[in-house]
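Next up, some structures in structure tokens.
Heads up, the next two complexes both have chain A, just with different partners, chain B and then chain C.
Our next item is the complex of A and B:
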């Protein structure tokens, strides 16, 4: 656990000093919102459509982060250094997933209000607590699956292609649940105050199963 | 390299497959009654559903075999897993096409989004379609096997999870005439279905053994050529995602 914290601190410091990933994700999300405005030809959207747009925006921005997650380790020899150290390899999974989770949270702190300002019809205030819960669960899934996929993709020749190709289908169930859970919250008129529990349960189940799965197989991705 | 012969018992298995498949087709066309609402076209059910089920079972089977590779590090497990997924993909594409034909005939559209089984199947197929590109893009053979095995295990676990999520996402719009558990499948149809499921399962096993035998023989021939002719004269291996 201590190793994971040290690795996480290293990743966060690296990000704060280089500002390579999170600003790119935020800009990408903002541009995506603008593209949705023109693509859908709508000034304000609500309900399931709004939930879908928000989910897709977060997903595509997350893909940028997922692609970059292990690049520094590979290019600067971080993997070798980590493997030489007498530490549990799971620490790398925990640290990277936590870093990705924090990147996603930072992204959403800016992207969700921007979405509320630019595109969302109903006010963002009332559904916000529910939305935070849904997005937190979604980020957990994105972080775990993203770390797993990124660790596979980083050693392949076509790493920028393999990442999204593997990641998108694996994330579809999580995205279905996220979009469906957020839909009623963003409805015009009388929005629901809490997200539907069935979808939260599915999202949580998905997160737990993939966390266990990633824990089980991650060691094999580092072996050399 | 192990000298396991996968050809052993292949002839008997092939004959059993042939007989069961013939029996299944005879039952489909001459025994099972016509569906009252859908008529003759409903008979594609006896091909489509077994294809899809066997394909999914094949993916999970590939994942289980991949565990064998990660535990032992023996390349033959990776080969088994590869062939299982390869066959699963072929069966799956067959299942998707027959499903599409059935959808067009009974609902009037080639693709129906509110049929959860069809949609979840498409997602699984999209995931496993990346299995071979993944193998191609890793050059080191040992790493290729290891990463492909991790992928196969994750994919195998994804199959049931994905099904749960998509199932929950779709309210049934169409009446479910043909579910496996419900009692509304008449016994004669049920029997026909079980026989054709068995026939396709046997077909899968036969093809799996066949491909294993072929891959095994090919690698042995290549090894012999290399010893006899030397490395320069032996023809290089063709482009394939299969482990060598």
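Our next item is the complex of A and C:
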């Protein structure tokens, strides 16, 4: 855990210094919301449609962060420097997943209110606590899968293509569970105050399974 | 009394990249505290050998022992004892020199006093708070030397260690990576005569095979010329 914190601190410092990832994710999400606004030709959406639009927006914006997650390690020798240190290699998985989780949280702090302002019909206030819970579980899955996919893609020449091609199919179950869990929260008229437990459980199970899978294979991804 | 194992022992080492053979049937022993110069043309296998010794590459055949520990199986035990100075400085360009070294110090559990000590040794204290991307190549190389020796490694793997350094800067890094450091050293150089002057043992590689292994005094000028022809 100590090593993971060292790596996480370095990653956050690099992002604050360069502002290469989070601003791009936020801008992408805002543009996507505007495109949905005009593409759907509706001033306000709700329920399952709103949940689907929000989930897809976050998912596509996340792909930008996933593609850039290991760029500094590959281009500036960070992999070699880390592998030369007498530390547990799984620390890099934990640190990168934590960094991506924080990037996604920062994205949503801006993108969700913008979604509520420009596209969502019902007020965002009442469903917000439930929505935060759903998005937190979704972000966890995105962070774990994203780190795994990014670690695979970064060693390939077509890494910008490999990331989405591997990541998006793997993330479909999380996309379904997130949209189904958020849908009742965003319904017009009488929205649910809490997300459906069944979909939350599926999302949590998905997170646990892929976290264990990532833990099992990550060391091999760092090998030559 | 137990004999100290050699710093490096290779037995029939081979490494391939697809169809291409980078190293084959390489065997040698390097006693602790000595310097091995690895010579050969570009692509002869010098950097591959250094990366295998650093546990960054897996050998495809043969045995590699560093301080008696087999690689890559015991890589974790070996990594704390070795320092690698490669073609890449392994520093983040957007971080300052001091931030980079403190990051490595944390990974190696070295206190920050040591960071200041090595910065002073290479006279980089005054530029240590500049981002690495703003520094000259020589300054970056001095920081890379600091990174490689930060944790006082017993084995130094030095790939063209004086690249980009002027003579004055070369003198500055000498106590850290030169013979006086007391570490076992494996070094490559684009200047074979400079490398030979520092070496106790010479390994010359041609197409990944041993072309010469022995005392530097027994390597003739004609052999050196032929090696780089």
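Note that in this section the second predicted complex is superposed on the first by the 224 of 224 C-alpha atoms of A that agree within 3 Å, B and C clash if a C-alpha of one lies under 4 Å from a C-alpha of the other, contacts with A are read in each partner's own complex, and residues count from 1 in each chain.
By our rule, a contact is a pair of C-beta atoms (placed from the backbone, for glycine too) under 8 Å apart; a residue touches a chain by one contact, two chains touch by 3 or more.
Predicted model, so just to flag it, every value in this text is computed and none were measured.
Aligning the shared chain A places chain B and chain C next to each other free of steric conflict.
Once the two complexes are laid over each other on the shared chain, residue contacts for A:86 go to chain C alone; chain B is not touched. In the superposition on chain A, contact is made by A:13 with chain C only, not with chain B. After overlaying the two complexes on the shared chain, residue contacts for A:180 are found with chain B alone; chain C is out of touch. Looking at the superposition, the partner that touches the larger set of chain A residues, chain B or chain C, turns out to be B. Contacts of A:34 after superposition on the shared chain: neither chain B nor chain C is touched.
Residue contacts after overlaying the shared chain place A:72 against chain C, while chain B stays out of touching range.
By the document's definition of touching, of the two partners only chain B reaches A:220; chain C does not.
Looking at the shared chain after the overlay, A:152 reaches chain B, while chain C stays out of its contact range. By the touch criterion stated above, A:162 is placed in contact with chain B alone, chain C being left untouched. Here the smallest spacing between CA atoms of chain B and those of chain C, following superposition, is 5 Å.
Put simply, chain A uses residues 223 to touch chain B in one complex and chain C in the other. Within the complex, the chain C residues that touch chain A are 54-58, 76-77, 79-80, 82, 84, 86, 88-95, 99, 103-104, 106-108, 131, 147.
Taken in their complex, chain B has these residues touching chain A: 70, 123-124, 126-127, 130, 133-134, 137-139, 143, 146-147, 149-151, 153-154, 157-158, 161-162, 164-166, 168-169. Residues 3, 6, 10, 13-14, 17-18, 72, 76-78, 80-87, 223-224 of chain A are the ones that touch chain C when the two sit in their complex.
Chain contact summary for the complex, chain A toward chain B: residues 148, 152, 155-159, 161-162, 165-166, 169-170, 172-174, 176-177, 180, 198-199, 202, 205-206, 209, 213, 216-217, 220-221, 223.
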